[in-house]
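First chain A sits with chain B, and in the next complex the same chain sits with chain C.
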Partner chain A sequence: MASIGSLYAPLGHLRARTVNSTVAYAGLKVDRPVYTHFQDNKKSDFLGNFPHGKIPAFRSNSGVSIVEGAAIARYFAALAPESGLLPKSLEDQALVDQWCHLIETEVFDNTLLTWFICQGKFGPYSKETHDIVTTRERRAIGTVNQHLEDKTYLVGDRITLADLTLASAMNFALAKTLDTEGRAKYPNVVKHFEMVSTEPSLKELFGKIEYAEKAIEYQSPN
Partner chain B sequence: MSANLQKLENHLATRSYLEGYTPSQADVHVFKAISSAPDASAYPHASRWYTHIKSYAAEHGSLAGSSTAGEVFTDGSGNTPAVAAEDDDEVDLFGDDDDEDAEAERVKAERVAAYNLKKSAKPKTIAKSVVTLEVKPWDDTTNMAGLEKVVRSVEWDGLVWGSSKLVPVGYGINKLQITLVIEDEKISLDELQEKLEEFDEYIMSTDVAAMQKL
Partner chain C sequence: MTSIGTLWTIPAQRSGQVIRAVAALGGLVLDLPAEYTHYEDNKKPAFLAKFPHGKIPALDTKDGFKLFEGTTIARYVATLAPNANLLGSDAKENALVDQWVHLVDTELEAPATMVGQLLRGGIPYNKPFHTILLEKVTRTLGTLNTHLATRTFFVNERITFADLVIGSMIQRLVAIIIDPEMRAKFPNVIRHMETVVNQPKVKEIFGEIQYCEKALQFTPPAKEKKEKEAKPAAAPAPKAEKKPKAKAVDDDDDDDDEPLVPEEPKAKNPLDLLPKSTMNFDDWKRAYSNKETRGAGGAIEWFYQNFDKEGYSVWRIDFKYNEELTQIFMSSNQIGGLFNRLEASRKYLFGSVGVLGTTNNSVISGTLIIRGQDVKPIVEVGPDYESYDFKKLDLNNAEDKVFFESALAWDLEIDGKKWADGKTVSRFHHCVKQTVLILTTSAVQIICIAFRHSETSKY
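Presenting the complex of A and B:
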């Protein structure tokens, strides 16, 4: 299979996990130009193709530039219809999009916010802000957990892009914010993660599963 | 052949499939032993699993693996030793041939008992922290040797004083920087600091400069 274009999505990068899982699961071939984050995305030739200067970014062989991981992943899923990552019916596609969007904005973004807040990147630490973000993150995880009470995969009975998005977000949350107690509250999400992250084509990308014993906390600088 | 639904439910509470992370002959084996979908209110996880395995109906013959891991749920032995069922997470779910079932269950129960014994005998780890404490004197006339002596005079259970040194803070004044190891459950740093600040002929204030879990 010929390469479909150039993908800027470092394999270990958190925001790139969904798009990289899609490449792996769908068995697509992409070129991965040498890329150093925070350097190459500030250079003029990168900005010429991708003015926003962020990754994941993709440039197809025909010269179309696409940014935003979710958009690229959805395009990749559609390129490999036999993978089933994007279901056939429009209704099911809408459900996949629904979960992808909810998980990225309500789960992943709040985990990332927590991570930043605890590192003091958003100005003086505020316990209230930290708590609000944690509540939002957990509310979304709770919603997904409830949905998985009687389902093995998020949409239909086979793996879809929504499952890759959830596992990618949980990979981060399980390592940072969902401590032992948190995991006990959302067992369906944890078993979903274990199932997806050990899928033969995804195992290498997800690597050794890391579970936080204690959620990240703010460390006051001394 | 019937299936032990409660056992199945417990197993599936934390697992997507009976064995590993993909559907296998183990799932098909138990699926076929169940005549209709388990009641979702009584067995939510088994019910979720049943619906999912049903979706593979066309592939039931071609799924990978063997039925072995499923047989433990269909051996009809509702009289599995209670301890084995509770400790479900810890035991290998190797089913054996039917005529060896009793023997296998006995060996399994023995192993679980031995494991529990081992687990309970394991000493509980004690959470400790290493702390760097800074003790500031009133001024340059404070006797620092005396100051160190009163600090070290605090002898509490779960508290071990370590090395110390004097660090200049300017104008000829030194502060005492001392390390200590505390057992988190026994010692409260706030109480310790309060206690130290009672020696007010020597000590003006104390600060926790660093703290790290051991």
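Presenting the complex of A and C:
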């Protein structure tokens, strides 16, 4: 199978988990140029192709640059219709898009924000802000969890891009914010994660899963 | 032409406008709800049964298909009008449209919305965080601007979904945080926005472009975020000169209700016009935080040495509906909420209020020290005051004196209901002008909150 182009998305990188899952699950072939994050993406040849300077980033063989992990993942899914990652009907595709959007913007981005807040990266620590972000993250996890009450997959009856997006977000949340207490509250998303992350084509990518016992807290310097 | 279905949104909601614009350019019809009250109807079971996340925009099609997430709905509507090519004309162009939409969703709208929340009190203000968010916004604007240096539209020289999303977002931001200086730095982005928003088929949907003269600055929150009838404030601010637009919802987040109006000019608070007092309120608040409350050299001693009874007064506050109180921690939260909503009076108010007793058998009571002789203008700034009784205390009266001191020292007892002994955990935040002191015990939770005047940070 021919490679479809060059993908800059380190396998261990958090935000690249969805696009890397898509490649693995759909069985696509990509070239992975040697790349060191925070260094190569500041150099002129990278910026020449990808002016915003971020990863994931994809350069097709015909020289088209596509950035934004979710957009690349959707593009890859569309290249592999037999994978089922993007369903056939426009309505089911829209449902996949809906869950992907909700999960990325209200789960993953809030987990990330929580992590940065607890590291003191966004100014002086504020418990109130931390709680607000946690509430938002939990609200979204709750919606997804409720949806999975009577379903195995988010859309239809097989794995779609939405399931890969959820598993990628959960991979991160389980390690940082969805602790023992949280997992007990939202068992359906945990069960869903365990199903997706142990798929034969994805097992290696997800690797050893970290489960937080207690959600991350602020570590004050003194 | 038959409508696709009902789009649940409110006219000023930006992401709803984008969906309507997509429909307009695609030659499709969407119904808007005949009746919808945000924050109310979207919390009702009928709405939640259809849209479990409880947010708008939400689409309810004639076939019974339901969808939420504004960006997704807009994209879906675009797929129903393939001839309009709003998503580009092949897989790669689709991806590029998706790319631009995703970029601005996550790196322009998200940080800008958070800036709005910081500036209007939805999230505690934090200058470094504000700066970082503005840097994200600026970085993205730069990327957009560079791309548009040689292009009219984002993908393949014709209008797409990406242009509608970006144009509408920039329209919103030039009214709030993209000030004249920034507009000069990113002229292509501004030009693009004006082109898009003025397209004949969508002009009426997007409405007038409002350009701010000055970016929104941080001001302490002056009213509750929920849509409630405004209570008369101690210092009513004069109406803004421009006619305020209808309240807008910035994004899908129904917790965010930001009116799209320019900053109102600050008015003089009558409390600031009182004759200068001998007591410095900040000094009192500092003394209370740093000293033991009772005993020699303590805060109460400091207070009696410095109290200016002409310039300040002492009050007792009691919750009127104690029979409603259940769990202690919930009552504690209620006190916290009360003080949050008195933010506008922070400079003129000190409070030490607690919950006494046990689960289902408790009262909320405490003391307030205020600027001036009348508690009403101080507490009227928030909507809670009607649920509390206020009694002015006379510190020459033995009973009042005991009450006042006990409320400060957290050993107040009313009808056998006590502050409990037990393990206490205290958390202290010290910055130049502010302290929040929280005491909790294992048996009974007490929250005593000391207010300080803070210009920049609030924990």
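Here, the second predicted complex is superposed on the first by the 222 of 222 C-alpha atoms of A that agree within 3 Å, B and C clash if a C-alpha of one lies under 4 Å from a C-alpha of the other, contacts with A are read in each partner's own complex, and residues count from 1 in each chain.
Assume a residue touches a chain if its C-beta (ideal position, glycine included) is under 8 Å from a C-beta of that chain, and two chains touch if they have at least 3 such contacts.
What you see is a predicted model, and the numbers here were worked out from it, not measured in a lab.
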item: Touched partner set for A:Ala9, first chain B, second chain C, both or neither; value: neither
item: Which of chain B and chain C A:Asp157 touches, first, second, both or neither; value: first
item: Chain B versus chain C, judged by how many residues of chain A each one touches; value: C
item: Touching partner for A:Val64 - first (chain B), second (chain C), both, neither; value: second
item: Which of chain B and chain C A:Leu205 touches, first, second, both or neither; value: neither
item: On chain A, the residue positions that both chain B and chain C contact, one per complex; value: none
item: Chain A to chain C touching residues, read off their complex; value: 51-52, 60, 62, 64, 66-68, 70-72, 74-75, 78-79, 90-91, 93-95, 97-98, 101-102, 104-105, 109, 121-124, 126-129, 132, 139-140, 143, 146-147
item: Contacting residues of chain C [partner chain A, same complex]; value: 52-53, 65, 67-69, 71-73, 75-76, 79-80, 91-92, 94-96, 98-99, 101-103, 105-106, 110, 122-124, 126-130, 132, 139-140, 143, 146-147, 431, 457, 459
item: Sites on chain A touched by chain B in the complex; value: 148-153, 157-158, 187, 190-192, 194-195, 198-199, 222
item: Complex contacts: residues of chain B adjacent to chain A; value: 13-17, 20-22, 40, 44, 47-49, 51-52, 55-56, 209-210
